[in-house]
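Quick heads-up: structures coming right below.
Okay, so chain A shows up in both of these, paired with chain B first and chain C after.
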Partner chain A sequence: MQDNVGQSIKRLESESKVSGELKYLSDLKLPGMLHCKALRSPYAHARIVRIDSQRAAKFSGVEGVLTRDDMVDNPHFDSHYGPVLKDQTVVALDKVRYVGDLVAAVAATRLDIAEEALDLIEVEYEELGAVFSFEEALAENAPLLHEQVSKPEHGFVDLADVNPVEGTNICTTFHLSKGDLEKGFQNSDFVFENVFTCPSAQHAALETLCAVARLERNGGLTIWSTVQNPFVIRDQIAELFHLPVSKVRVIALNIGGGYGSKLYPKLEPLVAALAWKTRKPVGLTLTREEVFQTITKHAAEIHLKTGVTREGRLLARQCRIYLDTGAYAEIGPRVAKKSGYTAAGPYNIPNIQIDSCLVYTNKVPAGAFRGFGVSQSAWAHESEMDLIARALQMDPLELRQKNLLEEGGEFATGEHVHSFGLRQCVERVASALQWGEKCPPPPQKHLARGKGMACLIKATITPSISSALVRLNEDGSATVYVGTADVGQGSDTIMAQIVSQELAIPVTHVQVVHSDTDLCLYDLTTSSSRSTFHMGRAVQLAAQDIRRQLACLAGRLWNCPVEEVLFANQGVRCVVNDVVHAASYRNLLSASFGIKGANLVGKGTVKTEAVQRNGEPLTSAFWFAGAGAAEVEVDRETGSVRVVRYASAADVGKAINPFFCEQQLKGGAITGIGLALMEQLVYQDGLLINPNFLDYNLARFLDIPEEIIPILVERAHEEGPYGAKGVGETALIPVAPAIANAIEDAVGVRVTDLPITPEKVLRALQEKEQKAQLLEGPTPGRS
Partner chain B sequence: MTRKKIILSVNGVRNEIEVEAKETLLETLRNRLDLTGAKLGCDQQVCGSCTVLMNDLPVSSCSVLAMDADGCEILTVEGLGAGGALHPIQQAFIEHGAFQCAYCTPGLILAVKYLLSRFPRPTEPQLRHYLAGNICRCGCHVEILQAVRSLARRAQENQL
Partner chain C sequence: MGLNRFEYIEASSIPEASRFLADRPEEARIYAGGTSLLLLMKQRIARPAYLVNIKKIPGLRYIDKNDGTVRIGALTTHHDLEFSPLIRRWLPVISELEPEVANIRVRSTGTIGGNLGFAEPLTDLPPVLIAMDARIKVADESLERLLPLEHLFRGYYETSLRPQELITEIQVDLPAPFFGIKYLRFSMGSDKPLVGCAVGIRIDPESKLCVDARCVLGCVGPTPLRVREAEEALKGLPYRVNSSAKAARIAATACSPLTDLRATEEYKRAIVEVLMRRAVEEAFRRASSKLQG
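On to the complex of A and B.
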């Protein structure tokens, strides 16, 4: 069938997407909905001495103002929440911790009224000392962001060991070691030490964050939100408002891009509290600037020390990682852990020590960002690989080939990796760019070309759980219910393809109901490149559950063994004593139940555990491998860098929709180019000075390489549906180091601090020239 | 607040609407006419997700005052197809899978419409230059370029 698994069918919602009819949350209005505006802190760190909202509350058109006064001793809802640590409050209580922190909010009949009323809220602050860098935050006697932090009662299992270090700004630490580090360094012929840094960045999903809450008559709450993990929001709101989860309904419509920015509570507690206070639906859509003030990517400083033999065998690697999580932990502790696991890179290194440290600063909170901490650690280990190769005068490809983690190899975590096509990824991106052949010199003398590559390993969140329901309707069509949010990646279509494959139903007869906590079974999250592997498999199991039921019905009807029932063309078939029996699902259902209207329901659950069957720890249900290679052109006069060609490879296990997988590879590469060359949040004394698309640059059509080559490697995973794994994050991760490595190949300079701006390249070129002059010795007549 | 009645012809339909002084064309389209195809992305005239055609020229409707559009002809994505059928540009976007989340798509489709009306067979630099005002964060540029090139090829074939 054309719709089957492995076919590049079009997104099911394609027509409504090009016609502009597809509704995103901010396109909808609830009857009687109030508009909300938030008052934000002008200080990076300050005590709130006094807050008076009386004038604002009396302003005509204002229906409610939320301040800390609503939070004190309120039996209906708590003040604190947070996915890992309860360090966030619905609005500020005693102090504010970054410029943009929520102080109060107004709900009014019109947006402009809400905005005007903000000016009437009187707040008196007492400024406190603030910390903006790792050094400041970790200094002795540094001002503390959080004096005390508590944990949620029912937190994530994989983060149970997260503990803030009391009396410091350390939000959490992570440690991993393997082998004997010191011995490893002793046995090495060379030891390399480098520091790599990357700045905070913005997800920049074109649709800003938006949430609407409505208080129901029965005391329950319905929340519509631009959210990638509705069940996490449901649980957090239920805990905050002391409600059973059955009384909280969270719905995510189609989402206009997420990339990690739309995970975990952002606006939901605020609109829910205002809906509770005003007894009316309340909606809040953030402005672009407010999105910049709400969530960012972790800035990082990574210290690497690597011991290598003369032949290029990596013997020991020590990684010290500092991650800036801003004012609140958000999901930072998991980022610290995930980037920690992979910090030594996808290599077979016998002696490893990894320490990451997640630090609070008075800046915008950082959370999940496509790549989840691994783009930061890969920036370091992949840059260092090329520095080592250069020092050993070895081809960077060869150095990687010598050390690559292979199928069945032991990873830093002590577990053995399976379904791990890293070598193919590395070798195929190399050959796609004719590795080993010199780039043809550009016609202009000031231009130079070079090639570079990088590779990666990433984990997916483990343990985790996803369940799916499939309903076979009375006419033989199917409806599938998944908690997965379609953020554009095409999950709806993938799920429909799986149902289509299992039940022999055309995809056009499969309806996907998604990301509604009242209709769908629990799904942990749409992130971590986990949906196809987990939810895809759950859908497959649910569809197989229906197959079993259909086979039983057919078996009973025709007196045939259930194993011999075949499925084709929306119907069943069976040959009994040379007699062919066949019936459409519709006819089988009405014949079996004697009435029109009987449905079948299938259920599937995928649950991964932290321990494997053989007793080995399982830090990731599957590991994903990928690689990227760039050919760049560097302008020696301006320092500007242009990516000419880019090859992007990922081991996807099995491409259920190859076009979608390739889109992830191309799209991730493009975002990666922006992050590598131009993206950076700039702060001045704690004030974010480029919180908009005018001052924060993103890759545009002029920055797109002449050619992007997506390469799919398919090394099936035994637990994925048809062998499939995940692909959403792979492509972005290797881009920056591949580009930095290509720049060094082109002009012989190394940039270790992202983004690689023309200024940095130019400065490095000048320094190189000065050094060369010094080596040539004093020029005559000067000494 | 100053209000004024303006006449706006949108997708061929004449509207008489009272708008406020600081109201943008995007707000009028979305809030008063329920045409939500054009999206707010940056509110700064840099992302292109609010692009509509005003008297056949592309504008960022987030940065045009509704009052300044008085008497103009506006085309939004909703007005593109004829009689329920999709416009060839929309078809090409589907054919080449030129979107993921599609938040940028309505604006891009109108930018492409203008580009092709000016240069039915754009050169590669023209193509990239004319679309540079539209951001796609999902990174569908390669597919979008393919879609536009396919339309240009078709224009050429039709001319031969």
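On to the complex of A and C.
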């Protein structure tokens, strides 16, 4: 069959996307739907002294205004929510904590009316001291963002041990240690200490955030949302509105890109509260500027201290990581924890100490972002690897080869990694760029070329759970029910390919029903690059469940052993005493049940645990390994950097659709180039001053390298479907350090704070020249 | 934020548009491609009560050449300029720069009239056109006048046009023989340029000395800046590294860039210097390459 596992078929929905037929959530128009607009805080930190919405409420066309007055002592819904810590409120209660924080919201018959009515809401603020940097936030007597924070009753298992540090702006901390750090440094010939920073950034998904809520006659709520984890939203809304989860239905249509920005509650509590208040459906679509004010990537400051021997063996590494989570915890605690595990890099280091500190500041909240904190820590450890290599006069590839975590090696967490093709990734990106051969010098003398590489290890969320249903219809076609949201990554197609493979039916006969909490079984989330591994496997198990049922039916019908039943061409076959029996699924079903209309339902569940069978901890159901190598051209006179070639390798376990995997590698490379060279959110006194794509720079088509070389390494994982692991985040992570390393190779300067703007490169070049002149001393003849 | 409420008017002729603008000088704005104006309106920086769409006015979108002059109608889009064979043949410097202007969406709807009439400092066409001594034709209800493009720009987003006037045409005389022009644009991760630098050089075919020069900077001041002192530094001399470096230094001092989100003043001056040096060299090369044929 042409379209099953291992084939690069196109996405099932490609044509409807290209033709514009595919509907996105902002296309949804429910009868009587009201339009919502939010009033946002103009202050970074302020007490709300008074809020009066009466004039707005009376404005013609306005059907409801939501303010804190609706929250106080409301028996129908709570005011506080949050996935890890309950520090968010539907609208502000006593305080606002960043410019853009939700103060109130209006639902009106038309959007422009809602917008105009915002001006009629009177709010009196009393400004409070605000903190914007790590230093300010962590200073003694710093103004506190949250005086007290509670945890949800039924929180995430993997985060049961994280707690806010009361009386400070420390949201949560993470600590990991292995071996004896001090001894490690003592035994080292050299110790390196460096600080690396990266700014906050935007996900820049094409579709902005959008949510629609409808109160149902039975008191339940239906919520459509651009959300990557509908079940988490369902649980949060159920808790907020005191409803059983059966009365909350969350639906995600096809999503126009997520990259982490569409996880966890964003607009849903607000539209649900307004739907409850107005008794009418309420929809809210954010403008781009509002998305900038809703969710960002964690800015980070990372202090690394590394001890090495003269021969280049890493003996000890200490990582101190500060992550800026903005005004609310969101999923920050998991970002701190997950990125903490891998902060020392994919190396075999006997002595490690890692401390992460997640800090509240009066800025836009930061949440999940493709790479989940690992792009920040890899920026640090991969830059440092090259600094070490340079100091030891060793090839950076060789230094990595000497220290790489190998199959079966013991990781920082104490567990042994398996299905870990890191060495292949590193060596294959190196050979793709002819590592070791000098770049030919460009004809113009102001240009210089260089090569650099970086590698990574990343965890996936563990423990977690995904379940799938497959229904074999009466005509032999199949319907698959998965909680996984198709955010453009092609998950629907992957699931269909798996069913096609298992049941021997063409992909076109498989319908995927996705991300609807009423129809699908529980799935934790579409993130952490986990869907193919977890949901893919659940779908495979569900399809195999159907195969078993089919084999039983065939066995009964033909009196043959079930294990001899074969599956091909949408039917079963069996040879009994040299007689060939064959039937299509359709005929088998009607023959077995004596009626047209019988279906089979298969179920599959994948659940991962925090402990392995051998008793070792399991911090990740599988480990991502990947590497990137860049060839750059630097203009010595302007400092501008062009990525000429980029090679990206990822160990995907098994490429179920190689083209999709390659797209992830290429897309990750392009996003990574933007983050490396230009992206950064800029604040002035707490005000985000570049909240749009004119002022916030993204990589454009002209910035894409002439050549991006995707390399798929396939080291099968025994628990993944056909050996598959995840691939979504791997490719982004090594890009920035690979580029920084290539720049140093080209022109001998090092930038440690992202983004690497031309101005920073030029300044570094000028400083280097001044230093060189100083060393040379005064030229003879001049005095 | 959404747009403010406005009334939308479609003008069918220049006099009609002009009359409407004359009657409501503070409240009405010309609406051509809308690429720049709508952004301002979205940010509520501009809140016009009336938008006068001029795109339906016939006969304003053309690229012609006669009597040694290229004439470009005000409604000509960036895309038209990018792909026009006539431009490619006679004003190739424009075909060269257009693919880098903005992005494909802005290029397909944004017009040259809007590009100039908006007087935004971060643009590419004005310095290049000024380096070619372009003129614009400006019309109101009854009159037409011609003025050097250089005289259009007054300040940030400010032109010398009267409220009732429209730009209808851009005129560029065919370059003299032995004239070479180079435009260099520096940008980083943004659709808009950070610094633009246009240099035109005319040489004497016998002596190969520069007989006339234009050095025009974009993005580093309220208006495009013609650096006459830099031009003087090049005149009467053949191409020399020293003289181009001198002109570049003059330009870097003469301009008045501001530190903003994208770069510091200091850096922008450094870029001006580099671009000017490189543009002078290439303009000389182009001027002399015409010597061979």
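One rule holds for everything that comes next: the second predicted complex is superposed on the first by the 777 of 783 C-alpha atoms of A that agree within 3 Å, B and C clash if a C-alpha of one lies under 4 Å from a C-alpha of the other, contacts with A are read in each partner's own complex, and residues count from 1 in each chain.
The working rule: a residue touches a chain if its C-beta (ideal position, glycine included) is under 8 Å from a C-beta of that chain, and two chains touch if they have at least 3 such contacts.
Note that the coordinates shown come from a computational prediction; the quantities given were computed from them, not determined experimentally.
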item	value
Chain B versus chain C as contact partner of A:Thr287, first or second or both or neither	both
First (chain B), second (chain C), both or neither touched by A:Glu637	second
Partner chain(s) touched by A:Arg700 [first = chain B, second = chain C, both, neither]	both
Touching partner for A:Glu115 - first (chain B), second (chain C), both, neither	second
Touched partner set for A:Leu553, first chain B, second chain C, both or neither	neither
Dominant toucher of chain A (residue count), chain B or chain C	B
Touched partner set for A:Gly490, first chain B, second chain C, both or neither	first
First, second, both or neither for A:Val682, with chain B first and chain C second	second
Which superposed partner A:Ala211 touches (first chain B, second chain C, both, neither)	neither
Common interface positions of chain A, toward chain B and toward chain C	287, 694, 698-700, 702
Residues on chain A engaged by chain B in the complex (per definition of touch)	10-11, 14-15, 17-24, 26-27, 203-208, 254-257, 259, 287-288, 487-490, 659, 663, 666-671, 692-694, 698-702, 704, 708
Touching residues on chain B, where the partner in the complex is chain A	30, 35-44, 46-47, 49, 76-78, 80-81, 86, 90-91, 93-94, 97, 99-106, 109, 127-129, 131-132, 134-143, 145
Footprint of chain A on chain C - complex, ascending	1-2, 5, 39, 100, 103, 186, 188-192, 261-264, 267, 270-271, 274
In the complex, chain A residues that touch chain C	111-112, 115, 287, 289, 637-638, 640, 674, 677-679, 682, 689-690, 694-695, 697-700, 702-703, 757-759, 762
